[in-house]
Amino acid sequence: MSAHSSELAVAAPADAPGVDAGTDEGADEELRAELRAVSRDLLAAAAGKDDAQVDWALLAEAGWLGLEVPDGLDGAGVTVAETAVVCEELGRAAARAPYLGTAVLGAGALLALDPGDDRDELLRALATGAPRFAVALPTGDAPLGAAGVPGAVPFRLARSGGAVRLTGRAEFVPDAAEAETLLLLALDEGDEPVVVRAAPGQPGVEVTATPVLDVSRSLGTVAAVDAPVEAGSVWRFRGDGRAGGRLLLARGALAVACDSLGAAEAMLAATVEYASVRHQFGRPIGSFQAVKHGCADMLVSVSVGRGLVTEATRALAAASAVHVADGADGVDDAAMSAVEVAVSRAKSYMCAAAVDVAGKAMQLHGGIGYTWESGVHRYLKRAALSRALFGSPTAHRARLARHLDADGAGGAR
Amino acid sequence: MSAHSSELAVAAPADAPGVDAGTDEGADEELRAELRAVSRDLLAAAAGKDDAQVDWALLAEAGWLGLEVPDGLDGAGVTVAETAVVCEELGRAAARAPYLGTAVLGAGALLALDPGDDRDELLRALATGAPRFAVALPTGDAPLGAAGVPGAVPFRLARSGGAVRLTGRAEFVPDAAEAETLLLLALDEGDEPVVVRAAPGQPGVEVTATPVLDVSRSLGTVAAVDAPVEAGSVWRFRGDGRAGGRLLLARGALAVACDSLGAAEAMLAATVEYASVRHQFGRPIGSFQAVKHGCADMLVSVSVGRGLVTEATRALAAASAVHVADGADGVDDAAMSAVEVAVSRAKSYMCAAAVDVAGKAMQLHGGIGYTWESGVHRYLKRAALSRALFGSPTAHRARLARHLDADGAGGAR
Amino acid sequence: MNATLADLAELRATIRDWCRAHVPADWRRAQTGVGDDEFVAFQQAWFQELRRAGYAVPHWPAEWGGGMSAAEQMVLYQELAAADAPRLVLAFVSIHHAAATLLTAGTDEQRRRHLPGILDGEIWVQGFSEPEAGSDLASLRTTARRESRAGGDVFVVNGQKLWASGAAHADWCLLLARSDPAAPKRRGISYLLMDMRSPGLDVRPIRNALGDSHFCEIFLNDVEIPAENLVGPENSGWQVAQATLAAERGMTMLELAERLGNVGLRSLVETCRRPDAAGHRPIDDTLVADRLAGFDTEIAGLRALCRDLVERHDAGTVGDASQAPPAMRRSQDRTAFGDAGQAPPAMRRSQDRTAFGDASQAPPAVRRSQDRTAFGGADASVVKVYYSELLQRMTGFGAEIAGLAAQTELSKPASSGWESGRWLLDFIGSWEWTIPGGTNEIQRTIIGERGLGLPREP
Amino acid sequence: MNATLADLAELRATIRDWCRAHVPADWRRAQTGVGDDEFVAFQQAWFQELRRAGYAVPHWPAEWGGGMSAAEQMVLYQELAAADAPRLVLAFVSIHHAAATLLTAGTDEQRRRHLPGILDGEIWVQGFSEPEAGSDLASLRTTARRESRAGGDVFVVNGQKLWASGAAHADWCLLLARSDPAAPKRRGISYLLMDMRSPGLDVRPIRNALGDSHFCEIFLNDVEIPAENLVGPENSGWQVAQATLAAERGMTMLELAERLGNVGLRSLVETCRRPDAAGHRPIDDTLVADRLAGFDTEIAGLRALCRDLVERHDAGTVGDASQAPPAMRRSQDRTAFGDAGQAPPAMRRSQDRTAFGDASQAPPAVRRSQDRTAFGGADASVVKVYYSELLQRMTGFGAEIAGLAAQTELSKPASSGWESGRWLLDFIGSWEWTIPGGTNEIQRTIIGERGLGLPREP
């Protein structure tokens, strides 16, 4: 049961306390704290608005889009751990911004590719906020099945009449409708996962918006039918394409878990605030055990969720760094499994907990909580969407259970 | 979905209120209320003792063993609904008595058989308390599987060397170790379920006690290896043997559900009592919402469980009456399914709820609840045993789900 | 008049035939995404359809247009639910709260004026809650000052009411206001019938969590209500309100249980039997099957609870503390909103009979043994807590199973309950049952104190 | 002394080798069903084995025989759990509560007298709770009357203590008694070290829910305790007790989490991978697989919580309210038993360092961002609630899966925790974690008030 026992602490050095004397973990924590504080201020403005729309230019100016873009390409050159902070703050504000499509998945996909001028140029542009990106990959339960990633790759390249053509369909793609540049996860003729660059207007490619109850999110369907593809638009992952695809899916799941963490913390804070000022029966309602203990339960699950999200972030950051640095040799299957285990735990726990916390917030706000104006519903809808996006808790737990069964088979210790 | 919708109210007349003007439902209710009051008084004495042993002679004198034995055989000639009352009260007192083996299953098995002098004589004896009975049937999850009863019948008759011989094994048989007369559920040579009468001392038959944590229960293993059987000891069910077996298993499950209902009510009452007198922080602890709401939740689940147990009792009583009266033609498969649906609901809900309620009782009693002397542990262990005996909640729900799926297939309405 | 089994079977067949002929085909699709006017028109038409058949107000006394026994009403609601008939959403307060108030505490004149009006489609709204008086209803601040006028005394009302569901369409309002500011909290409140066309009224919609606006705020600025519209004695409004709120329970809960057990469970099973893209049916997972069976069981338990409540309402044994076991002692009556719906036993018994059936009917024999009253004075709270949380669990599970697809269902059929099968909408709507009418936290306190006799908070 | 990653890996390898050589083979079987004497002998022998390796009291200061950093202790407990070493059950109070008390508030003389004694195997018991002072510890009634004797002052103690775990084997007792009956509840209590061989003591075992008798009552009848055995100032025993109780948290919770995550989860997975008579493995049911994965996740979450708690203890940032976000305001300190383990921040910070590591160690940099203190002064309560209820859920699930077979397991290995894989016994034993040390109801109040700053009950 190595992936689930104390071995993990060795595999992921950051888990062990007091061991960072020689690392820059402390500095990173400070950077993240500052990033968090700035984000919170900036997004607080958006939180007040009914549509919670965040000014895209502002995000670009703040440097949040290029966090992971290398220094040399005008980015900040930091890791997914910093991106995670922004995701959490976007969730806290229930803000509407195409951050997932561009900064999380777009940058993540490009960074996982073999470097090259086209890619580098696109990364540089990404950091400026133009174009906006969408990455068409499977966002449901499919890739969590026993079959793994390739079976769930939504697009396929085939040569016909001398041209390479793309066919496939991906639903519930984050930020698809507003994207100017599409990156499509596809299988090439050798069944190797690759990324295909496309534009929404391009022949054979159709993008349609999918309206959802959570108006703070934008989702859409990307469909391609025999769309001709230029050779220069087909990009290979560094090293093993399968590993690249798996890391990308892990990023999506983790980003959504971070979002749910922020949302849950916001709901807890709002409930505590309300329970402290709202009086009934001559007392603040927070002085009643029913309310107080309800808030305590919210804090417990937020605390547990935060721990899981933190561990998953560390694991993914470490693996991503290895992937970018070493390519194929870097992230072996065991390391990838460790990342996926951590991400599945964080995603399944936190995204389910956030729905519960938002629901409890609605309950403890009483009639006010059920009004549109309270905004609690925005968090409930957002948490419900996050729960399903990039794999339901059930699907993630099914994947975890397969690991447990396999590990159990491995030996008694 | 006929078995799950309003149709049931027609199938089971007692479900509908105000319709018993012409029936003796009112009179029966009065009888049961009296029976309950008498039982509660009588068993209250046992509840105080550490082993909660009930005087067997007293039970026989009170007429509780022969409740369902016909008038003509010196019994009370009432229904399983009255037996259910005693089961509930035994659970309330967490009393130790071989009632399940003799009065619930023993009488139930004999009543389901074709009448005859031997059977009648045995029924008459049963009401007097001598001999004590055990019925060896499957008490785990097996008979709830898709295969149904016959596959789970634990014994088999085979002719060898001119004699009929019995082979098989049943574990966790209630009251087996103390029984003087065994009734074994077996398949005859034609694969028809029958009941074989045997005695513990008889060649080839071995009974061993199975010590369990719940010391208020007695369980044992009944094993037979090529045990010679006289022709007169093989008894056929009235009509369809399969139906007889199914009714018997339903009785076992229902009796245990009744036991859990009584146990849960006792735990609720004890907790309310304790919370009303125990003071901490200058107040009775029952005035704190954490305790009060905990008790409220216990009441809610006990109330729901009582409703389900009542419905299952009515359904089983009605079907049993039909079975005894009409034999094979009486209880068709649909009616049997309706009984099993009601029993599975009651068993799965009530037996799980009783464990939760007893656990909550232990918690709300604080340190006192964790002592041996408080007796809460006796209820927790008994409830845990009841939860597993005659089918786990999970197994009963699996059976229910098959009905739901089948009904769903039947049509939209 | 106790119906025989045969009578009931015949009634069931009659209603079933009637439903086949009269339940509008495909009304769910037609009522999805409609505007307010269309919704009101549909509700009014359906109400009149039911009225013509004698099914609109079966619980009223026969002389006013009802007259069904509890057993008959149960058959009616079972069949309406099984046929998936539209719910009477708009008339809910009129036929339950308003009627119960008038029948219990109104004058003959008030009944004659208003009960036929309700049958003709007059809509009532409840004006109880206020911004500072939600769970703690007794602290309401709206004032009613008695003054003399040429045509007779009037109450001059000032204040603000909240959560007045359907106020935008209402003709009349059941209003609680403080008529004696000097009296203790619950002693100075009067119960008034207010014409919603009165000058000085301002109704403003409040959007709920789904963006709908059937909740309203009502601002009252020197609104004059004739003194003859006082219900019960002056300053006794709190007691009268108990009756009004009691009407929300019992048979109305049974109807909700039947809805959940029919279209609700059916939709959930259907959702789980639907194969996904890979041909896999959720119900084939033991995980899903187990949950479905659990819901089936809980619904059966809910129905049993509701039937028991209705039968005992009918038998007059609800909340009879004299039969409760010693451990289940009854506490003093609570002063909070919490006990809305919990009149003192003596009052409740009589009012229940009036509200739930023809008082001229011979009450059925008290068939229940003492244990049936185990939940003492908290029956309605037990049912409310259980129903609302079961609804929340079921719809929550539906939303989880439906996954991303649930997010794309942007509206549900008007005239349906929160078991429409649009799971995420239903889930969010389920808080409409765990919060209003005394939050479930308040209900648990009632259950603990009235049902179990646990001591009050100091 | 901060260890480098390489140092820790080396330590891990060393401990792992040590465990292979020293953990008694098959001790679980051998310790199942043994008598009290055998249990005590085994515990004492194992304690000395650990002591020889330097693993018995790693959290003590180096001068007293400990000296491991928090990171090193974590490695130690991870490896002991992974190797399924016996737990130190008998010495628990001695090495944690007694030592923390002495190190925090004891005199040099008291330390010199008792710390080596503990290393030599002296057993301590905690004499705090009383029949009328459980959750409400501050209402304890046992009296300590100061009197002069020839050899110096003594405290004459009378009263009764309850739930004194292990008192039958104890050499010394940590005693709270009321030395000033006139002072307010928490102001008149003194903290005393009582020799269990003192005349006037009567120890009677209390059987627990499993029939075991490690809990005891202690009756005190004019027991004389020399005044030099007073810890801290007279009448300041309440404050001293905070330190004692605080020692129960932190690293001890981490050890428990590791036990649950190793032998606990492993046994559960094994139970679910075992084919039944028909060859079916429970884990192949999605229902069971889902629960197992949920437990795996929750254990990972628990470990993260514990690590965080330990790291912040180490860093001295536990409960620093100055970093809490505004909404998470800190309430007044609670007066109840509830806040046992929750000393005022200033005191806690210093005591934690003393209790959890060598005070001479340079405290690691405060690496945490402000959100890491989101649970403010309630960290330990969060962990306790979560651990104990996870243990209860896991063992409850195990008992359910094991079914009837679980009933036939009549005893579990002594020296193991409540994750022995004897699921029904473990399940019942799990209440030993949800009740003592402040019930989980009390813990939730602490979390609400100290962690979230919610208002106290009036």
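Here the chain labels run A, B, C and D in written order, and each chain numbers its own residues starting at 1.
Convention: a contact is a pair of C-beta atoms (placed from the backbone, for glycine too) under 8 Å apart; a residue touches a chain by one contact, two chains touch by 3 or more.
In this text, all values refer to a predicted model and were calculated from it rather than measured experimentally.
Of the two chain pairs examined here, B-C and B-D, it is B-C that is joined by more C-beta pairs in contact.
Farthest chain from subunit A (centres taken as the mean of C-alpha atoms): B.
Per-chain Cα centroids separate subunit B from subunit C by 38 Å.
Distance from the subunit A centre to the subunit B centre is 52 Å, each centre being the mean of its Cα atoms.
Subunit A and subunit C have Cα centroids lying 43 Å from one another. For subunit B, the set of residues that touch two or more other chains comprises 288-291, 293, 394. Residue positions of subunit C touching 2 or more other chains, listed in rising order: 286-287, 290, 441, 444-445. Residues of subunit A touching subunit C in their complex: 139-142, 171-172, 210-214, 219, 279-282, 285, 288, 290-291, 355, 359, 362-363, 366-367, 369-373, 376-377, 380-381, 384-385, 387-389, 392-394. If you check the complex, the residues on subunit A that touch subunit B are 288-290, 293. Residues of subunit B that touch subunit C in their complex: 1, 4-6, 9-10, 13, 15-22, 25-26, 29-30, 32-33, 36, 265, 268-269, 272-273, 275-276, 283-284, 286-289, 291-293, 295-297, 299-300, 302-308, 310-311, 342, 344-345, 348-349, 394, 396-402, 404-405, 407-409, 412-413. Interface of subunit D with subunit A (complex): residues 2-5, 8-9, 12, 69-71, 74-75, 78-79, 81-82, 258, 261-262, 265-266, 269-270, 273, 283, 286, 289-290, 292-294, 296-298, 300-305, 307-308, 310-311, 314, 325, 327-329, 364-365, 367-371, 374-375, 378, 382, 385-386, 441, 443-445, 447-449, 451-458.
Touching subunit C in their complex are the following residues of subunit D: 285-288, 290.
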